[in-house]
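Each structure below is given as structure tokens.
Both complexes shown next keep chain A, but they swap its partner, so chain B is in the first and chain C is in the second.
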Partner chain A sequence: MATPASITIEDVESTTPGMVVKLAKFTGQLDESNVDEKAQQIYQLIEQNPANLNLIFDFEDLEYMNSKSIGYLTDWYGKVYENGGKIVIAKTRPNILDILQVVGLTQLIKTFSTIDEAKFAITH
Partner chain B sequence: MSNTFLWIISGVLSSIPVLVWLYLLFSDRKKEKKLLALMFSGGIIAVLTVFLLEFFWGYFPEFDPFKWVENNISNPTYYYVALFIVVGILEELVKQMMVRYVDSKKVIIQTINDSIRFGIAAALGFAFAENIVYFYMVMQNESIQQVIITVLFRSIFTACGHMVFSGIFGYYFGIAKFTIDISLQKGLEGKKHILALILGRIFRISYAQALREIKILQGLLTAMGIHAVFNFLLQLNQILPSIIIVVLGFLFLRYLLQRKAGNLILISDIDEKRRSNMGKNDEDVVLELVGLWFEQKKFVDVMHICERLLERDPDNNVVKLFKAQAMDKLDPNNPYRKIIETMLGKQRNSQEVSTIAYYRQKKEIAGKNLSENQKEKLFRFIDRKKDQEDEVFKLKI
Partner chain C sequence: MNDIATTLKENTHKPVKITITLPTHAYFMSGIRDFTISLIKNTTEFSEQWAYRFQSVVDELCNNAIEHGSKPGEDIKITFIYNPDESIEIDVEDSGTGMNPKKAADIKLLVDQFVQQNIPMANIRGRGLAKIVHEWTDELEFIDKPEGGLKVRVVKYLTHIETEVLKKGFAYSEDKTHILI
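So, the complex of A and B:
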């Protein structure tokens, strides 16, 4: 049985014309049982918005990320960045932030302690 | 000439090549001299053990494997094959017993390469003692020309052969000694040894323990097998193939000794082991990712993650192994890398491009005060490097 996890996506208003900003809220635990399925949601989002997609990942309720999900995060970053977009992460739990720092992903993806800070960073 | 004089001459003649080999192989290892001397002595004792066994079989021929071969195999070719297989098995068994015994008493093997080096030292001790007997016998019965040929051949190729056989066993023994760390690392790459799993279940022992026994047996069988083939070819006067076996084996050992992973000190005092300051579950996630990316040949990323991880958990042998192996893969002298480069006709390729570094470079260029044209040029350069990498990965060599 798959571990409970969800990704809910909402639009974020942007003053810059042509810029698409989405807030993706992750909850639960991303592990082997659900990560492939959940990752498709983000891939679909990237496909639907081929250019200037800016993503804010809200990790406040994300309890666990397995190695595969970190691999996906790197891949999403590559795809979004190639098309002129950005990814930022907000409200990461210390243990997940620790993992991202050791992996080196924080060199690419900025992390913020609040959603507002993340929104400001992505829209300016 | 008196017998005593012949023994002295034999001793001098067999010590010359040994001294040369010891100098060539171990002159840079000043700290290990006593241990190497201990292993060398172990090799000499191994020859004496063979003589003792032969003496014992004289009284109890029912235990004599040579007699068994003589009584049961009438075809001369098969007889020779069997005879030299028995010699190979016997010599390798006693040599490896010495290495294992000395290590169990003194805990001298701290790295995989230590195991290879001490195996080689024991082999030199064995070749030294064996050559004394051979030279003495040849000088008693053969012409001066035959003596010179025997001395030259045995000094160079037989001594080298012993080093190769025991060095290869030493490699497997080193792997066996550190199976806990190595099996953990291989497990993270998604690799499992099926036979170790099966044997572990049958004999109710741990996976690492089963793998350890398999590796020791694999080393012993490989060393005995090559030794038997070498002896058999020599007996048939097939000098060139036997020289080729020794030269290839020597090159293989040289390659093994150059690897960074082989020089890692994997033994540590549990009381002095520093604790990780990263959560166990979090570290496991990172290690799984390291295994995944290692499998995907992202060696630069693996190296960088391992460096950061070692700052948090400095005594983690699995992380050290991943880092050293990633460095070995990136080593410009790595033969596998050379094969890939030769096949593709490219100077440098792949694996040096880090996924994280690739995007970081692009970000840095985007932030620079350059014209759009200049930025575009730099982007194209980075992309070309990345394309090369993808091309190599698709080949899956």
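So, the complex of A and C:
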């Protein structure tokens, strides 16, 4: 039994040769009951795209994230960044942004109000 | 919950104490998080922002108790003590029968180390107690229970929040994606 949560991933068109851009939409609550399983989707994505992977995380429907899910976020960022890519976050709810700020993650990963702003930041 | 909240609010100056006992399974935590938000929003003077913060504090303390303190099939105990116009105390207790039980002194040392230094980016763990719980409470105490197990006690004072708001001007903005600092 696990708390409901999902991550759906779609391609984002990029005009830059060699640049891979994906939009990952998070929904529900990431907690101790589901985060280890859900995190594997992003690890698989990173493995499948070993270079120049750029990820936009859409947090509009993400209701909760615990400290372990923040730990995974920092680990994904490290793996993507060392291979020439970026991660940005868009449409974060106030309580999620509050958590990201208290752990210092907003100093590392940029957050944007809209998907369009996030796409622009990642492709320019 | 609303009926309970009304009853509790009528006893405005009496401390409110609620204790919940839970089986050691992470599945039950979403219910406890919902309960925490409702309790804080409906029966205390803490703001909605703090209701969400206490949700995280309770979740992190319980996850720690489930992971380290109580073996499967046993329980953890959560106690909320609200002193009107003053503070909220949250205690989380385990039975000390888990796979990796820790003494109060050991866990305090570990948390102090994480508080004083930056947690390496590749570390999946360590942010719960050292960042979320430590930053969002005024008192954080680890107590070895005489009968075995660990009790973690946190307190947040309303007056400290008022001082923090005055100092930092910290509040949610109208734009739900941003916090004004």
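Methods note: the second predicted complex is superposed on the first by the 124 of 124 C-alpha atoms of A that agree within 3 Å, B and C clash if a C-alpha of one lies under 4 Å from a C-alpha of the other, contacts with A are read in each partner's own complex, and residues count from 1 in each chain.
Note that a contact is a pair of C-beta atoms (placed from the backbone, for glycine too) under 8 Å apart; a residue touches a chain by one contact, two chains touch by 3 or more.
Everything numeric here is computed off the predicted structure, so don't read it as measured data.
Three-chain overlay on chain A, with chain B and chain C in a clash. Within the superposed three-chain model, A:S33 lies in touch with chain C and out of touch with chain B [touch as defined at top]. Legend: residue contacts after superposition of the two complexes on their common chain; A:Y77 is shown touching both chain B and chain C. Between chain B and chain C, the partner in contact with more residues of chain A is C. When the shared chain is aligned, no partner comes close enough to touch A:P50: not chain B, not chain C.
In the superposed model, A:Q107 makes contact with chain B only, not with chain C.
Of the two partner chains, chain C is the only one touched by A:R93; chain B is not. In the overlay built on the shared chain, the residue A:N66 is in contact with chain B and with chain C. Within the three-chain superposition, the chain C stretch that clashes with chain B turns out to be 149-157, the only such case among 77-85, 149-157 or 167-175. Shared contact residues on chain A (touching chain B in one structure, chain C in the other): 64, 66-68, 70-71, 74, 77-78, 95, 98-99, 101-104, 108. Across the complex, chain A is touched by residues 25-27, 29-30, 33, 49, 52-53, 55-56, 59-60, 63, 66-67, 118, 121-128, 131-132, 135-136, 172, 175-179 of chain C.
For chain A in complex with chain B, the residues that touch the partner chain are 64-68, 70-71, 74, 77-78, 81, 95, 98-99, 101-105, 107-108. For chain B in complex with chain A, the touching residues are 278-279, 281-282, 285-286, 288-289, 291-293, 301, 304-305, 308-309, 312, 355-356, 359-360, 362-363.
Those residues of chain A that touch chain C in the shared complex are 1-3, 29, 31-33, 64, 66-68, 70-72, 74-75, 77-78, 91-95, 97-99, 101-104, 108, 111, 113.
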